[in-house]
Amino acid sequence: MAGFNKVVHSYEDAMAGLQDGMTVIAGGFGLCGIPEGLIAQIKKMKTKDLTVVSNNCGVDGFGLGILLEDRQIKKMVASYVGENALFEKQLLSGELEVELTPQGTLAEKMRAGGAGIPAFFTATGYGTPVAEGKETREINGRNYVLEPAITGDFAIVRAWKADRYGNLMFRHTSMNFNPMAATAGKITVAEVEEIVEPGELEPSQIHTPGIYVQRVIKGSFEKRIERRMVRQG
Amino acid sequence: MAGFNKVVHSYEDAMAGLQDGMTVIAGGFGLCGIPEGLIAQIKKMKTKDLTVVSNNCGVDGFGLGILLEDRQIKKMVASYVGENALFEKQLLSGELEVELTPQGTLAEKMRAGGAGIPAFFTATGYGTPVAEGKETREINGRNYVLEPAITGDFAIVRAWKADRYGNLMFRHTSMNFNPMAATAGKITVAEVEEIVEPGELEPSQIHTPGIYVQRVIKGSFEKRIERRMVRQG
Amino acid sequence: MALSREQVAMRVAQELQDGYYVNLGIGIPTLVANYVPAGIEVMLQSENGLLGMGPYPTEAELDADMINAGKETVTAIKGAAIFSSAESFAMIRGGHVDLTVLGAFEVDQNGNIASWMIPGKLVKGMGGAMDLVAGAMNIVVTMTHADKYGNSKLLQSCTLPLTGVGCVKKIVTDLAVLEVRNGAFHLLERAPGITVEEIQQKTAGKLVVDGEIPEMQFN
Amino acid sequence: MALSREQVAMRVAQELQDGYYVNLGIGIPTLVANYVPAGIEVMLQSENGLLGMGPYPTEAELDADMINAGKETVTAIKGAAIFSSAESFAMIRGGHVDLTVLGAFEVDQNGNIASWMIPGKLVKGMGGAMDLVAGAMNIVVTMTHADKYGNSKLLQSCTLPLTGVGCVKKIVTDLAVLEVRNGAFHLLERAPGITVEEIQQKTAGKLVVDGEIPEMQFN
């Protein structure tokens, strides 16, 4: 199926069309499950004024942190940031804008964006700075905040296995935000560990159906560990 | 883990606590993926005045249709009904109330109920009888309807494999409404084809994590086919 | 001569593009799958939770757990994905399905569609139709141009309860192909042997006829 | 004497019930997992998408794709489930998690909690804390009763930006166990050797002392 072969063979092709000022939604939690090569490509492209939506912003020199080095990010939408000195510096100097969003609300906003739900009510953040300027409402005796969906010009995700139709499976807890991010991009690019033949992935075990994915590229990953904890075995 | 062993050994135990006037959310699409034994148990219990939430209401003599025989259902919330003569008769005589809900909205209302989202906006049904009496709103140039979530006193689902912690996997397209229904019951009962040991289900391939499931029972299923279509092989 | 059901399906199939994800409704829309043009591949979405729907099963393949949205037994192609109804309608509502083909009782010149309810008759429900018309980027309606009494189904304003508002872009009837745009039906093609006059006479809504109207081509 | 971090965790662990799904925050709450009472089984939820969190891995088990919400490498127990962040917070927001244990800067007598932001200091974010306090049925806060300058953290009204409103039910500090109810802190237990007077003196919010207050019991 020519029309469904989503595999691209260069990072240039994978991120073609990314322009200054666009919104990029990125999967990953901390450094786990991040599309390392796609982030590196954005750095190489020197695209500026990006709005990046991701739970975190990497660390100094790794993950989304490397996009801070040349000030490519204008605004960050995240639940927890500042694991890197450069982020702190740019935030304090006003070069970088941050919209802090509760982690579950962020995940749901991405899902809603992909699912055609423009807004939803959640109790999360009611009565806190997160609710400022937002509509609130009492429903069945509880107070809720109306939260709008998020969509992106691009979504970049990391998966474990893919087929050329763009069906994806994620490995262990590297799944995290990747499935929702994948649904919310106008162009969704999946960087994967392995590309298999259609039919090798059991249909009901596919985490992200290929309809959400426009491009697939085979990557190779450092998979840096943020907090290495071990016990005596 | 005594506290996490959710396996019950009789249908009486599986549906214990079901009372007149309760709301029951049922998984299944047509006759595919329905909890046959749990429905039979409700019939046996003669529980009355039930509100049943399910995409369809079975056929004469099978599936949820058998609950019509003794007029156990007061109100049906569904997207498509009337595959059975008895349903039609009770509807026309006013013995049965029906709230028709678009299929995707119904699925999302169940998901929302399970996920603590009390209401969401959707374009589905805007400008149609479905939107009557509901709040509508223009968001980014499109019109949407505010739809409330659905929860049930009980949810009854059919799964393929379960472990005693209540983790579920569904088989082929018998998944349908079952995962959302499973999240939306105060008491969720899963009738399954096979019970396996914890650890036999690959963690990232579990469709319904056990936290949503209170009871698991091994059933045996007729799996009646509604429209048998075959081609020459 | 008015098109047969199969010919309507053949003409609709010409709307398919390579790489399209398509949802086909029950009836004539289902037949479209039989006429996918050569060199074009589409993937069929069935709203009960299947992307990559295949043909009916052989006796050996028959499986009660494998059905389509019409509740018929079905197969999955290699590379199919199976998922929940919520995921399925996330795809539909979220605009990820490229084309939806469905039948209707009436369509009007503003793109409104009525397809699920005739007051006074038993109402069985809208199933997934309201979600499909609200969600797909591209909706093609197939129906006869007029009912059996000769009354037009292409109206100024729908008379029956609506399925969706302002969503229909294209209509393929047994007489014509029309585009709905700027509050009018724009005639694009005639069925072979059908005159513009006949189409005009059977179209109650505003019909725009711009220049020579070609006949449909079937290869 | 004021409790050690481990003793606070031990006391919180007495709140666990058999069959509880529990989310433990970073810091003292994490230690609670080490003191689950005999005969009781709980399942740990980690909000990055893991139900059934196990201990840290051995060197041989170490896997960069297997982490907890604190971004530490971790293992899964037999019977664990792994899922997306949206599913994880569906569980949390939907009230399916039985108990959440987390730290705080301040709690007030109306059950409000402030735990994520100190104006003038760098704000790193709320992570999943706002979702957890809005969603869990049962929230236990662990913290020192007073800051290092002796200022009470149990207030009439929180002074810092809130994480959630009216959600805290129980507080375990280094000095006491308290229940938040009807606009007051109700003293339930004292740390061994700590007097009611000392607790009263270090509680800025309304404290209700009803009858004899027992010392905490550790087995």
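We just call them A, B, C and D in the order they show up, numbering each chain from 1.
Throughout what follows, a contact is a pair of C-beta atoms (placed from the backbone, for glycine too) under 8 Å apart; a residue touches a chain by one contact, two chains touch by 3 or more.
Here is each chain with its UniProt name: A, B = CoA transferase subunit A; C, D = CoA transferase subunit B.
On a predicted model such as this, the values are computed, not experimentally measured, just so you know.
K.L.:
Shared touching chains for subunit A and subunit D?
P.N.:
Of all the chains present, those in contact with both subunit A and subunit D are B.
K.L.:
Of all chains present, which has the mean Cα position farthest from that of subunit C?
P.N.:
Checked the centroid distances; the maximum from subunit C is D.
K.L.:
What whole-Å value do you get for the distance between subunit A and subunit C if each is reduced to the mean of its CA atoms?
P.N.:
For subunit A versus subunit C, the centre distance works out to 35 Å.
K.L.:
Distance-wise, how many Å sit between the C-alpha centres of subunit B and subunit C, to the nearest whole number?
P.N.:
Taking the average C-alpha coordinate of subunit B and of subunit C, the gap between them is 29 Å.
K.L.:
Using mean C-alpha positions as chain centres, tell me how far subunit C is from subunit D in Å, no decimals.
P.N.:
Computed value for the inter-centroid distance: 55 Å.
K.L.:
Could you say which residues in subunit A touch two or more other chains, in rising order?
P.N.:
Within subunit A, residues 108, 111, 115-117, 122-123, 171-172, 175, 203-204, 207 contact more than one other chain.
K.L.:
List, in ascending order, every residue of subunit C touching at least 2 other chains.
P.N.:
Those would be 50, 76, 82-83, 89, 92-93, 134-135.
K.L.:
Considering only which chains touch which, how would you classify the arrangement: line, ring, star, complete or other?
P.N.:
other
K.L.:
By the touch definition up top, name every chain pair that qualifies.
P.N.:
Pairs flagged as touching, ordered by label: A-B, A-C, A-D, B-C, B-D.
K.L.:
Once bound in the complex, which stretches of subunit B touch subunit C?
P.N.:
29-33, 55, 78-83, 88, 91-92, 100, 102-108, 110-111, 122-130, 143, 171-180, 207, 223-233
K.L.:
How about subunit C: which of its residues touch subunit A in the complex?
P.N.:
17-21, 40-43, 45, 50-52, 76-83, 87, 89-97, 134-135
K.L.:
What residues of subunit B sit close enough to touch subunit A in their complex?
P.N.:
108, 112, 115-123, 139-140, 142, 144, 148, 169-172, 175, 203-205, 207
K.L.:
Where on subunit A is subunit C touching in the complex?
P.N.:
1-4, 111, 113-117, 163-165, 167, 183, 197-199, 201, 203-204, 206, 209-212
K.L.:
Help me check something: in the complex, which residues belonging to subunit C touch subunit B?
P.N.:
46-50, 55-68, 70-74, 76, 82-86, 88-89, 92-93, 112, 117, 122-131, 134-135, 161-165
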